[in-house]
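All chains are identified by letter, namely A, B, C, D, E and F, in their written order; residue positions are counted from 1 within each chain.
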Amino acid sequence: MDEKVYDDGMSIRREVLGDEYVDNAMRNADDFNKDFQQFVTEYCWGACWGRGALDRKQRSLINISMLAAMGRWEEFELHFNGALNNGCSLDQVKDALFHVAVYAGIPAGVSAFKNARRILAEREGKA
Amino acid sequence: MDEKVYDDGMSIRREVLGDEYVDNAMRNADDFNKDFQQFVTEYCWGACWGRGALDRKQRSLINISMLAAMGRWEEFELHFNGALNNGCSLDQVKDALFHVAVYAGIPAGVSAFKNARRILAEREGKA
Amino acid sequence: MDEKVYDDGMSIRREVLGDEYVDNAMRNADDFNKDFQQFVTEYCWGACWGRGALDRKQRSLINISMLAAMGRWEEFELHFNGALNNGCSLDQVKDALFHVAVYAGIPAGVSAFKNARRILAEREGKA
Amino acid sequence: MDEKVYDDGMSIRREVLGDEYVDNAMRNADDFNKDFQQFVTEYCWGACWGRGALDRKQRSLINISMLAAMGRWEEFELHFNGALNNGCSLDQVKDALFHVAVYAGIPAGVSAFKNARRILAEREGKA
Amino acid sequence: MDEKVYDDGMSIRREVLGDEYVDNAMRNADDFNKDFQQFVTEYCWGACWGRGALDRKQRSLINISMLAAMGRWEEFELHFNGALNNGCSLDQVKDALFHVAVYAGIPAGVSAFKNARRILAEREGKA
Amino acid sequence: MDEKVYDDGMSIRREVLGDEYVDNAMRNADDFNKDFQQFVTEYCWGACWGRGALDRKQRSLINISMLAAMGRWEEFELHFNGALNNGCSLDQVKDALFHVAVYAGIPAGVSAFKNARRILAEREGKA
């Protein structure tokens, strides 16, 4: 493990997903998944998100589009929240979901809008 | 067909993909695919790309990432060229391809980098 | 928007999915998804389903097969109901699901049969 | 192996794909793939295509749509030829490819139309 | 149906998935899915799992990796249990899930670990 | 970068893919892809392949199966060669490709067998 990359990754992960989510993930890690948690933090959040040429909004828009296109709905929820945490407006995420519908097919778009509306309602419930 | 949406779509398509490509596509259209050409121009370039909340660079970054994730390499080539035409820097497309590698798997990233380098070499040959 | 294509799309959508479903979708549309609802009605149900060379049974069989192959299970439910509404027999949808199992893999087939049986039971409960 | 199912499969495979293609596949089979050739003939062409509730045109339309949606272009070529051999009209396969574009995304549709036009030109060259 | 292949398939299926699961599947089969149940048993468990060059652990590791990569989570659950029934250690399935995360993308890995932990907890609850 | 993990990754990568391939990849790396080359070596070959619970044959069988299932044919070629370099027998890779055909669909299996035969012929040509 490169500690500098890991630490940078942990900071970015916390800023994008929120402390509550990350604290929960770390606390629940056990022998079976704790090195995977570390792997994700270092490579995904440190070595990839830590690169310098795109801002976080752009990364979030890329991610929610790819995740919807591939039907990875559990991670879509995480990163849709991340997109809003990173300051994407509702109109921006909506336009990204139109790209999903056109380039990955209407069914991916329909499920993406349905998930997005559920997540938005849950965020309002918490606010 | 909504002529306004179609005309807007045709303008955007020409600006992103270049007149040479679009002239070629229109000239080669025959009975079998000409209504599909029209459909793509109106639906994809007019009704989707014509929306107002994201700029063209952001749309290009979303598209090349989704296309690589889904393994749609013919369209990846088109939109990778479009991303550069829209002003994305090499460092920005590179960072997007890192997201592809991490979120859609290393093999998608490897093929994306390989295609990207071939396209970059071809653009240099033409310049 | 092309109003003629939209209106045709709305008629077809109602005939395939039922008034109850469509009324519900329209009533629940809000600022976030109402233009997407319109987009789906015009392009998917009008410009695609409204074409003339295939009948509705054939379109339904194509759709349930593609949706199962891609693992788009929310939309599979919608279109499996649509296939039965369009008059496909149980033996016909069953044969289509065999194609799914063979061409998209046994797991797609297993999930398709499982979803199909659940939907059939729900339709019997309503009848 | 169930010889009856295998023999039925071989007949259907020959009728759909043509004797030339199947003779070639059988002649080229070696130790590495000959039991796979047999498996495909029995399982795919006998036990699946040999079922009774859909005619061959409908099976072909289902297959070319699924294959394009999944990006299986080698097999798409085979089954697009099969669809025409089975009597599907150009307008019917065109409408199926519109479903691909809408439900599996424009890039799948674009590649499907491009492959279809190449195959049509090759068939004309042979005729 | 080749009765010998079917019977071999049924034995293997019972050994990998457990009698309880298979008895349940057979008892619940109805007119709609009973020939599909037979088809799966003969071709998948007999003609494929019954081949001789790989042991069952190796087949299970291949299957859970492919199923996670393709997002077939219902069948993933079945075969993750099968992998443990076949004697794969926790460290072995964990290493396979690392391959999923790297080759099919982090989101496939995250969902695979999440599903795996739920299944492990359920097995402990039963033990 | 963790130098230890990188160095382990480089050793494993050379042993699996051969010095000729890796030397070529390193020599051709330029500003656009050299940090991606490093990322792949550390993350994929070091942190994933370097784990201890599966031997290299098992990792290769997992990889060729996932790559065929996802249609990543460029990387399939690399890892099919790797599987043979790692000592998998022809009968073992053949059995793995049967799992691909059954679990990811016949078209994935057909393309996998076709690619495999081409690669085997090329290896014989070199030997």
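By our rule, a contact is a pair of C-beta atoms (placed from the backbone, for glycine too) under 8 Å apart; a residue touches a chain by one contact, two chains touch by 3 or more.
The structure displayed is predicted, hence computed values, not measured ones.
Participant: Going only between touching chains, how few steps reach chain F from chain A?
Facilitator: The fewest steps needed to get from chain A to chain F is 1.
Participant: Quickly list, by label, the chains bordering both chain B and chain D.
Facilitator: A, C, E, F
Participant: Which of these pairs, A-F, C-F or B-D, matches B-F in more than half of the residue pairs in contact?
Facilitator: B-D
Participant: Report, in whole Å, the distance between the mean C-alpha point of chain A and the mean C-alpha point of chain C.
Facilitator: 30
Participant: At what distance in angstrom does the C-alpha mean of chain D lie from that of chain C?
Facilitator: Inter-chain centre distance comes to 24 Å.
Participant: Compute the distance, rounded to whole Å, between the mean C-alpha positions of chain B and chain E.
Facilitator: So the centroids are 40 Å from each other.
Participant: Which residues does chain B have that touch at least 2 chains other than itself?
Facilitator: In chain B, 39, 43-44, 47, 67, 69-71, 94, 98, 101-108 touch at least two other chains.
Participant: Mind pulling up the chain B residues that touch chain D in the complex?
Facilitator: 30, 32-33, 36, 39-40, 43-44, 67, 70-72, 74-75
Participant: Help me check something: in the complex, which residues belonging to chain D touch chain A?
Facilitator: 69, 102-108
Participant: Applying the document's contact rule, which stretches of chain E touch chain F when the two form their complex?
Facilitator: Per the touch definition, chain E meets chain F at residues 43-44, 47-48, 51-54, 58-59, 61-63, 65-67, 69-70, 89, 91-92, 94-96, 98-104.
Participant: Help me check something: in the complex, which residues belonging to chain A touch chain F?
Facilitator: Per the stated touch rule, the residues are 1-2, 5, 39, 43, 47.
Participant: Over in the complex, which chain C residues touch chain E? Could you list them?
Facilitator: Result: residues 71, 90, 94, 97-98, 101, 105-111, 113-114, 116-117, 120 of chain C touch chain E.
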